[in-house]
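See below for the structure under consideration.
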Amino acid sequence: MTPDQILTPMLDWLDLVGVAVFALTGALVAARLNQTFVTMAFFALVTGVGGGTVRDLLIGAPVFWMQDPWVAPVCFATALLAWFTPPRWWEGDGLEYADAMGLASYAVLGSAKAFAYGVAPIPAAVMGVVTGCVGGIIRDVVANRPSIIMRPELYVTAAALAAGLCATGLALGFDRALVWPVAVVAGFGLRAAAIRFGLSLPSHSGAEGDLRDD
Amino acid sequence: MTPDQILTPMLDWLDLVGVAVFALTGALVAARLNQTFVTMAFFALVTGVGGGTVRDLLIGAPVFWMQDPWVAPVCFATALLAWFTPPRWWEGDGLEYADAMGLASYAVLGSAKAFAYGVAPIPAAVMGVVTGCVGGIIRDVVANRPSIIMRPELYVTAAALAAGLCATGLALGFDRALVWPVAVVAGFGLRAAAIRFGLSLPSHSGAEGDLRDD
Amino acid sequence: MTPDQILTPMLDWLDLVGVAVFALTGALVAARLNQTFVTMAFFALVTGVGGGTVRDLLIGAPVFWMQDPWVAPVCFATALLAWFTPPRWWEGDGLEYADAMGLASYAVLGSAKAFAYGVAPIPAAVMGVVTGCVGGIIRDVVANRPSIIMRPELYVTAAALAAGLCATGLALGFDRALVWPVAVVAGFGLRAAAIRFGLSLPSHSGAEGDLRDD
């Protein structure tokens, strides 16, 4: 079998797993905010499909969950799971690491898909970050929480590492069977280290050095 | 005359009425926040066309108000009406019931349009909910108010009922002249009952059962 | 040389300058909020390309920074500049007037592009306002700040003047070599006057006249 014949069905299946992991993080935000099942289903859907939807709109692809009959039901099933199970089941590090794996995988898939649609390498890497992060950003903006983009922990950075490696590798002509796993492992490794060791980026000093009030 | 010859011109006209009702709710939010006319016009437009715009982008249709020369002017005329009339004119239950009718109708039209564009039944039902609710969600997020999606009253649920009945009926092959009115009446009835009797959905207990602080 | 041969390369260059000015305002918001470089780069990108992106999606054009390899790098270079320079360098009126020039130019370019894609005059003018203002609105919503659309100063109004003049002039068949400069000067003039003299629009009295609490 060629790498493609091995990769493609595995990827289709992994794609739904990734949607479910992201959808679960969305549903749990709604649960913590004491929301109804309808809100939970909305958050599961937005978080599960948001990033890929914005990517598809920007690169001019058909939106992935419109023709696929399974993506939306997977999000709603995840919301049901979150509704009928106690939140503490999901509060360990397990979900954080699953989210890290989803983040790295989506960043790579997103930049690879953009590249395949003829997007230039730097915007293709941006599309990878968008695929991994925008669902969570929409979730947080609608929930009126500080979004992941405003926090110093290495989250968007890990997505940028995975997406940047993928876009660079593909632009240099390397085989995707090599580029994809390397990029996913690097992005996941950085995010996992950030979770394990509490790594974060340095912050700008703002207007402090200016001796002025803003 | 066939049902289509009766339905289509009536629908075109009803469509603009629906845009105007949604636009009015947007303009009134701006009025209550003591905003300027420009803000009011922006809110009228976003609330009036937001849901249908997101639907059209997702299903790959041309955005409905780009070629139609009337939709944007109707929103701006509605903003003028809201600017020159006292807000108390609009504060009775009348506007709430008109909004309920707009919600149910848009949910049905949105899922029917998605279905006509080849979207699978479950995402088509989601597109109906998006058409009915997303304009109001964008309005509330930009106004920094808790959006309708975060409130327990039966609003999104009524849209989901109408859109779900429509998508199910069409997927089962029933005639749209039967499916559409049934779905609109069901969605409007549920929303009207929620307004009249203050119905709301149960909320998730959050982390309460966990004996932990979050 | 025809006007087109003079205009087009100048416009391509000005377009990147406009992206950089908007990107800088985004990066500076992140700096004032004491954010990391990754957040700053995200804000630079969203503010720089947000308005044009929404315009392109709505009018059905390919998104302008997907095939252009320079736009995203310009945003990231701007973020680097903002990271390594003290914020007080950018706090004078100079940046405000540069932003005013970007606003007026983008409003004109946006409505002209929409018109060229067959959009009716009133929605084409709206597309000009969207091009000039939506990047800043997304920036403010994600940063959880009151967005420019909620403030009474003449900002959206200046964009509306420039875009409205452009769409009206083109709809009446005037030459764009006449319409564009007039519209840009009018929009920039109004915004500059608002900065210089602190002009603002009157606000709605809200529910005050109603003798009711809301």
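Going by the order they are written in, the chains are A, B and C; count residues from 1 in each one.
Throughout what follows, a contact is a pair of C-beta atoms (placed from the backbone, for glycine too) under 8 Å apart; a residue touches a chain by one contact, two chains touch by 3 or more.
Protein names from UniProt, one per chain: A, B, C = Glycine transporter domain-containing protein.
Keep in mind that what you see is a predicted model, and the values were worked out from it rather than measured.
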Think of each chain as a node with edges to the chains it touches; is that a line, ring, star, complete or other?
complete
Expressed as a multiple of 5 degrees between 0 and 180, the CA superposition of chain B onto chain C rotates by 120
Separation of mean Cα positions, chain B and chain A [Å, integer]:
29
If a residue has to touch 2 or more other chains to count, which residues of chain A qualify?
57, 141, 144
Per the touch rule above, chain A residues touching chain C in the complex are 57-60, 114, 118-123, 126, 137, 141, 144, 146-147, 149-150, 152, 156-157, 160, 200-207, 209-210, 212, 214
Using the touch definition up top, name the residues of chain A that touch chain B in the complex.
30-40, 42, 45, 53, 57, 62-63, 65-69, 71-73, 76, 83, 86-88, 141-144
